[in-house]
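You will see two complexes here that share subunit A, one where it goes with subunit B and one where it goes with subunit C.
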Partner chain A sequence: MKTYFNDLPKTALGASYWLFAVYLVLPLSLMMVMSLKDANFIAFPINSWTLDWYAKVLQDRQFINASLYSIGIALATTVCATIIGVWIALLISAENIWGKAAIFALACLPAVVPGLINAISMRIFIRALDIPTGTFAIVLAHTVHAVPFVVIMVLTRLRSMPANLVDAARDLGADPFIAFLRVTIPYLMPALIGGMIFCVLTSIDDFVRTFFLGGYQPTLPMLIFAKVQGGMSPEINAMATIVLIVTTIVGLYAEYFTRRSRS
Partner chain B sequence: MVDTTMQPRTVTSTAPPRYAGWIGRTVNSALYRNTIGLLASNRWVRLAVLAGVPLIWIAALHLGPILQMANISFLANYPPRPGVDSGYTLENYGFFFSDRLYFMPFVRSLIFAAVVTVSTLVIVYPVAYYVAKVVKPKNRMRALLLLLIPFWAGELIRTFSVIMLLANRGAVNVLLRELGFIDRPIPMLYTFFSLSFGVVYLLALYMLLPLYSAIEKIPTPLIHAASDLGAGPFQRFRRVILPLSKDGIVSGCSLVYLTTIGVFAAPLLLGGPNAVIFPEVIATLFHGSNDKWPEGAAFSMLMLAVSLTTVGLFMRIVGGRSVRLM
Partner chain C sequence: MQPVVQFKNVNKFYGTQAAVEDLDLAIDAGQFVTLLGPSGCGKSTTLRMLGGFEDPTSGEIYLDGKPISHLPPNRRNVNIVFQDYALFPHLSVMRNIAFGLELKGLAQDAIHRRVTELLSLVSLADYAERMPAQLSGGQRQRVALMRALAPDPNVLLLDEPLSALDAKLRQQMQIELKSIQQKTGKTFLFVTHDQEEALTMSDVIVVMNKGRIEQMGGPDELYARPRSRFVADFIGRSNFIEGKVVSVSGNIASLDWQGNIIHADVNGTSPATDKVVTVALRPEALYCLTEKPEGRLALKGRITGRVFKGAHTSLTVTLENGTSLLVQLDPVALSHIDGDDVWIGWRERDAVLLAD
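Up next is the complex of A and B:
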């Protein structure tokens, strides 16, 4: 009897975990199952099955163009955000810099400001500078959003770096740039890769910034949004399933990579 | 010829090292050697190279947009047109309080965010505790990963997938009808219920990770000690586990609250006419035919100020000096 009472909380906790896991997985699996439905509207039950929607999506020029456009934006964002993020992290980790805490707080500001306000303030900002909405504006906004995360990841890694590594390189005759290139960068690599994949995924995923800053060419989330609003067919499910599978593989790889490098 | 040698620390040889490939070509170019020489000789140049780009970036793109938004929120007209008054005014803020159409969604938004935050905390806490303390260490990563996988799917796709579950001909309604519980579908989509369901679904991860890392740090012997001293499960939770996981609770709640305030795609897809929250109101001021940018900027400023103040107060009151947002 006593052991039963001791085990009760543990059982309840286990149940809560599995219920939560089901809660997370169920909608997505329903969405994937629906992509196989052989009818042109979304509704349960599913009586006949087909793979046609996938064939249709993979031949859809709109989908392919939007994917390529999204990937291009994500890559440009990643390059910019990584360079600027590392630079800011180096500044914060440097010795005898005045006002480090303030710089760090301001560097993290875009991560704390709610996404919608971030997007709107960016929209106002580019209008003040006469920058048109479109690709450049999107990349700028995505970069601003991604920089804080790169800064945090790189700073964490920099803190664990033995200070005498760079000193040793300098003693052996490397100038600051060479020391940075051949000692600091390789040491930061795991954080950099993790940060880059994070940048790619958040950029591809972003809806609200693109909604306010985008031009006429739709990104992937904009395309899916437009299709969801304008009448639903299992085609959207097939599209979403393809995106889901690709991003999950990339995400899992990032997870695996950062875990391996941490241990 | 500029002296290109670095100030040697312990090295006696001043001969430049040799490198192969593009590094070698760069290092031996005159431009590079002059730059490095300048860097070595002048402290201010070093500082400028290190701090220039980061400080300009932060000032221009992290602060600039917010300041410009604040500026516009006080303008009578924007963009300035000839013949129209474009001086500074407080009218845009007055406009907000003058109309229930704007005021109510704002209040609704704040309440909504609080409800979502509390529900996420209640739902996720036992899960985080289970993974951090009950699961064996060697299985812990796998248990966590199973929960992380759905979050790689992205905001829009996850929001869309909620429709599959809650629509009138979605899984829940069809299942209930097959089982004979209901005759006609329960309208769940386009209500506050579907919106909360979707947002909790979107943001649970932001609660899970801080909670998990806070709970994992609680030394298990402490819990055992409390148990040995006669504390029951409830007392152990209230007097040991809860206070020690405070940091995780504070950062998880702050993250979820701030993200919920700014959530945009979910209300568009899952909220209906009866579940209009503030972000949609702001968006209509920027899109659509009547673009009222000063009013929109004022509303955004209000929302930003209120949400950041709430979170600041929450952190101050609940404590947790070592709160990290990430």
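Up next is the complex of A and C:
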């Protein structure tokens, strides 16, 4: 009994962890289960199962278009945010730069400004500049939001980089640009891949900024939102399940890649 | 013959702080030259100026007779072995060594041949595909060395490359470095604060202190004929005694030291009579006897301290005139000594006059 008593805190810790896991997974599982129900409304009991909802979703032009549109925006965002983020990180990590802390604070600001405020200010901003709502405006807002994450990830990696790696490359005949390309970039790769996947995922996930800045063409979250307003159906569950599975795979791959290059 | 490297009146200031002052140094081809000195003496700055990572404040550096001070590191035909190796972690051993060759635009098969040849020179042929993280400290050291040698530099610069290794491996690498230098015939410029490393490997040692060259010469010359108190103290250990010059005849000066007349080599100085000068005496150059010897210098003293060091024993002998000398005896010499009363002396050529 004594050992049992001693193990109690550990048991309690384990139990609370599993409770949390169930709390996390249960709603998702419920959503996935309901996407397989052969009926029009979402409720137990489930009398028969079907994959028809998935077939319907995959043939849905609206869904396909919205997905491709979201992916396109995400890729454009990622390219812009990575270039700007790496550039800012290099600027901050360089010695003797005046106002280093200010640049860093400014670059990180969009990560802590509430999405709604960000979206409204962006809307006012593009109106002032006569930029129409639509793809360009969305990419602009998503990029601003994604840059801080790239900066922080790249900066963390840069700080662990031995200073004389670049010196060694220069010494062996590389000009500054070649040294950057062949030594700094490969060293940053885990952070770059992680940061880029993070950019893609936040962009695809974003609703508020897209809602304020979007044009007539819906992104995936906007499409799902519109559908939900028309009433829940297992079709929405099927859509959400597909998005969940794809993003999970991408996220896990990113994690795996970062781990592998770290060892 | 024209020196490979020449520093002409080179100065380096950080603000008003001088790191290197009035440096004039010529290095001949094929030699193993060591810059030796305590930290902050300017030896690393000198190396980095030659590598192109620091700009001299004034003066000019010549490589093979051509001024190079204005050239960036990638346009100088010198390569550095960095203190912590700085191997590229994302490249294999093979690709690390090939790095400089690829930038020179060599063909793939020529690169492969050269890398293979270099790897076999340090018995690492089986490790070509390994990543740096999978190598031991000594292996990384060898890869860094081969990477720097691969592009065939005019001079190889080594920035305290052995300091991260343990004592045993360090001794082994000293011998290996020296043998690689002899095999390749390359000029090595080695920077260290470790006098033993410098004595083991160098053809020429340049002792630096406070940004200036104290003395330059072969290891045996520096050890036997230190010109300044700093050199005599930094390389090996020395007793220092001060005496007043009585007379000078040829190379030998007679001094009055606390009432005793002793003799010392003038060591290139020209001391004036009645001037007080410093004499350096190596602890192992002193003899220590229980009987007063005939016809040789002998000062009476008493052993006041013994430190056993294994291969030898260090004695502190306090002389009748009140001064203490450090005497180093091997076990054979020590076995002849019983009791604490001894006679101390030295051959006149083993005592050298210092310039300061």
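Couple of notes before you dig in:
Note that the second predicted complex is superposed on the first by the 261 of 263 C-alpha atoms of A that agree within 3 Å, B and C clash if a C-alpha of one lies under 4 Å from a C-alpha of the other, contacts with A are read in each partner's own complex, and residues count from 1 in each chain.
Everything below uses one rule, namely that contacts are C-beta pairs under 8 Å (C-beta built on N, C-alpha and C of every residue); 3 or more make two chains touch, one makes a residue touch a chain.
All figures in this text were calculated on a predicted structure; none of them were measured in a lab.
In the overlay built on the shared chain, the residue A:93 is in contact with neither subunit B nor subunit C.
Once the two complexes are overlaid on the shared chain, A:133 sits clear of subunit B and of subunit C alike. In the superposition on chain A, contact of A:25 is made with subunit B only, not with subunit C. The larger set of touched subunit A residues comes from B, when the choice is between subunit B and subunit C. In the superposed model, A:65 makes contact with neither subunit B nor subunit C. Once chain A of one complex is fitted onto chain A of the other, the partner contacts of A:144 are limited to subunit B, with no touch recorded for subunit C. Once the two complexes are laid over each other on the shared chain, residue contacts for A:175 go to subunit B and to subunit C alike. When both complexes are overlaid on chain A, the residue A:45 reaches subunit B alone and has no touch with subunit C.
When the shared chain is aligned, subunit B comes close enough to touch A:244, but subunit C does not. By the touch criterion defined above, A:233 lies against neither subunit B nor subunit C after alignment on the C-alpha atoms of chain A. On subunit A, the surface touched by subunit B in one complex and the surface touched by subunit C in the other have residues 167, 170-175, 178 in common. Taken together, the subunit A residues at the contact with subunit B in this complex read 8-10, 12-14, 16-17, 20-21, 23-28, 30-31, 34, 42-45, 84, 87-88, 90-91, 94, 97, 103, 106-125, 127-128, 140, 144, 147, 149, 152, 167, 170-178, 181, 201, 204-208, 211-212, 221, 224-225, 228-229, 232, 236-237, 240, 243-244, 247-248, 250-252, 255, 259. Residues 6, 9-11, 13, 16-17, 19, 23, 27, 32, 36, 39-40, 50-51, 53-55, 57-58, 61-66, 68-69, 72, 79, 123-124, 126-127, 129-131, 134, 141, 143, 145-158, 160-165, 167, 169-171, 174-175, 178, 201, 204, 233, 258-259, 261-265, 268-269, 279, 282-283, 286, 293, 296-297, 300, 303-304, 307-308, 325-326 of subunit B are the ones that touch subunit A when the two sit in their complex.
Touching subunit C in their complex are the following residues of subunit A: 162, 164-165, 167-175, 178, 182-183, 186-187, 189, 261, 263. Subunit C contributes residues 51-53, 72-74, 78-80, 82-84, 86-91, 99-100, 103-104, 133, 147-148, 151 to its touches with subunit A in the complex.
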